[in-house]
Amino acid sequence: MTSPTRSQHSPSSADVASLAPDPDSPLGQRLRLSAAMDGAVTLAELEHVLDDVEHDPALAATWSRYHRIGETLRAAHSADEIDVAFDADSIAARVAATIGKDAAQPAKTEQMTRNPVSWALAASIVLAAVVSVLAWQTVDLAPSSSAEVAVVDPAPRIARTQTASNNLLPLPPQSERIQRYLEQHHAGQTAGAGAIPGILPWVRVVGFDAERP
Amino acid sequence: MPELHAVTASPIPSPDAERLRAEEALLVAKAQQGDSRAFDLLVRRYQHRVAALVTRFLRDPEEALDVTQEAFVKAWKALPRFRGDSAFYTWLYRIAVNLAKNVLEQRTRRPLLMANAPSADDDDLPDLEPSHIDTPEHVALRDELHASVIQAMRELPDELRTALQLRELQGMSYEEIAIEMNCPIGTVRSRIFRAREAVDRVVQPFMRS
Amino acid sequence: MTRFRVVLLSLSLLSANATFAADPQQLLARMGQAAQQLDFDATLVYRIGERMFPMRLEHRVAAQGQQERLVRLDGALRMVQRNGEAVTCSLSGADAEYRSQALQQTLFKRLGQGTAMNAYALRYLGAERVSDRLAHVVALDPGSADRYGLRLWLDQESGLYLRAAWVDAEGERLEEVQLTELKVFGDLSDLAEQVMPTSPSGAQELLSQHPQPAWLPQWLPQGFEVLQVHAMDMPSTSGVEGRVWHVLAGDGIASLSIVIEPAEAEPIEGRFALGALHMHSDVMAGSLQRVLMGELPPATLERIAESMQPISVSPLSAQNPS
């Protein structure tokens, strides 16, 4: 979008108020909030807004109400209906409380911001394109057979578990982790690891009832 | 030969989805970095829309409230995986709809069907008809809010009303409004804000818990 | 059609493709080509245990790559879409996307090189009628009990799969998918040789970037190869910080995924089954959640699990032997 040509415009009395108020005054804060709604703020200004809202619940409520105004205006012009059944910001309060409980992990935030590029890659669950087929010997991977690989401090042998082969459970459907493992495994099949090409192998996953508790 | 169309949900009536994405890009980015304050603003931005959406599936307001809350919590947890291919609200919409459908599913479990010949219409994915809550109180409140906002708009000075309408109804950016109204961007910012302040005074009573 | 005419038709088809029909390796190669290069729509039923799931599969070849969609037709809307190398799952609350570059060697090259052939007997079982279409039946039978077998019914006209079933050592079907209706678009006559993607950099390079030990199986069933090794620093599926390892291995028929990530307070432990897919999950080295998942009998998974050792790669020895 090309930048607009700004005409010389002498301020009228109506525009005197457009001279910006003190940004840290309540008026200034709300003005900045209004602009943030429309994405018309810099990152620094947005930081201010987030700070302001954090310390002033009334400002948060103002944000919600400004949005309701827009929604109401649009609803008045279309068939959409805006429900007023819900208390203002009760949802936001409940969500904030839930998230606050779960996210007691400041390290998580740091991890994510430390290296934006690698985080962006990791943030989507990616089976990175890796390698040519490794010529591992299929029978014996002992270090002597490969000059490049050294076994360092091998873990103690895993205790032999019970081998009763009929002692199997069906995959628990509620587990999100298992769902992810399943999806990753089948993504490997689509990449060519299995006999059936394409996404047909995913019938197993699509038929898997992952009900949320 | 029939073409495969991507299955998307695109519920945004206006303004333009593309614009919205650009506007809230900063907020979404900050939220993805773990800033819960930014996410809080996103919640506040969309809470009523999501609640209204969920209510169309689930009649019970308490249940709708729970599912709405759950949708946002789910979105927060899944935010690292949001790639920005769709607008944030589109993505949020899908989460909420799926949650609402799951709840309905658990109530009205249908028996498995044998495979039959496919219908002629290939886009016939199972769809649940949403239902509206239309209690007399809701209707009355809604109408009153509408009327109050419209009235407040009428009472605004022309340039304030125009600025707000161009922003909220046309989805124009500040730069575009500045061109349209032949004024500096700072003036646009101020006019929109003052319009909102004026209308806010009549909206406040409706929003008090 | 009277039975007489059906018999005549199938005979004539067979005689026209006499050598073609009898060669299971060619049939498999043709299946791969058809699945990659044809535009088709199919309705199918997936059977596992006592349950049946009707689904729809659509496949298109676009300029930017293959596009596919698999949708469940009843119950909750569950769907997987593929666009080139990206697979998007709409299976739970939020979509998840997976990207995987096509592996360098496909099934057929591997079969051709004989590595998997030693482990499977490839047989042509004859012709059969499936979903009102004529099919060649191909069997892949493992030579030992350490893995499962596969039966494929391949459409004579297009080469596409009409039915696929995993079978165990007793010949019991563990799970099965059957196309009940198939519509193929376009010209069937020109299926090109499959295009092999070029291989990116070697595994040693990747391993050398991660100084912490990788865990690799010391034993894999004959014919199995490690296909991908991947480590990521991210919140794992468990939500706990740390390094997550993925290992993908396969013999061209069966595949195996190994995931190692930091264990959370309630780790997943146990052995599970989903059709031919088995999962072995436990805690290793005190704090690592280990999951092995693959189309392999549980005893095989266990043996692989027991053989896993931490491997450390020295970058110097890998690239500049001094």
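Quick notes on this one:
Should a chain be cited, it is by its letter among A, B and C, assigned in written order, with residues numbered from 1 in that chain.
In the analysis below, a contact is a pair of C-beta atoms (placed from the backbone, for glycine too) under 8 Å apart; a residue touches a chain by one contact, two chains touch by 3 or more.
Bear in mind that the values here come from a model prediction, so they are computed numbers and not experimental data.
Taken together, the touching pairs cover every possible pairing of the chains.
With centres taken as mean C-alpha coordinates, the chain found closest to the middle of all protein C-alpha atoms is A. Pairs A-C and B-C differ in how many C-beta pairs touch across them, and the larger number is found at A-C.
Of all chains, B has its CA centroid at the greatest distance from the CA centroid of chain C. Distance between chain A and chain B, defined via averaged C-alpha coordinates, is recorded as 18 Å. Here the spacing of chain A and chain C, counted between their Cα centres, is 29 Å. Distance between chain B and chain C, defined via averaged C-alpha coordinates, is recorded as 40 Å.
Residue positions of chain A with contacts to 2 or more other chains are 108, 123-125, 212. In chain B, the residues that reach two or more other chains under the touch definition are 80-81, 83, 102.
Annotation for chain C: residues touching 2 or more other chains are 44, 51, 53, 69, 71, 75-76, 79, 81, 92-93, 96-97, 235. Partner chain B is touched in their complex by these residues of chain A: 1, 3-7, 9, 14-15, 17-18, 20, 30-31, 34-41, 43, 46, 49-51, 53-54, 60-78, 80-92, 94-96, 98-100, 102-103, 108-109, 112-113, 123-125, 211-212.
Residues 1-4, 6-7, 71, 74-75, 78, 80-83, 91, 94-95, 98-99, 101-102, 105, 110, 112-118, 122, 125-126 of chain B touch chain C in their complex. Every residue of chain C that touches chain A in the complex is listed here, in rising order: 28, 31-32, 35-36, 44, 46, 48, 51, 53, 55, 57, 59, 66, 68-72, 75-76, 78-82, 85, 87, 89, 91-93, 96-107, 115, 140, 150, 152, 161, 164, 175, 177, 199-204, 206, 213, 216-230, 232-235, 237-238, 241, 246, 248-250, 252-255, 257, 259, 268, 270-275, 277-279, 282, 284-285, 291, 293-295, 297-299, 302, 305-306, 308-314, 317-318, 321. Taken in their complex, chain C has these residues touching chain B: 39, 41, 43-45, 51-54, 56, 58, 60, 67, 69, 71, 73-77, 79, 81, 90, 92-97, 180-181, 185-186, 235.
Residues 105, 107-108, 111, 118-119, 121-136, 138-142, 147-155, 157-158, 160-161, 163, 165, 167-172, 175-200, 202-210, 212 of chain A are the ones touching chain C in the complex.
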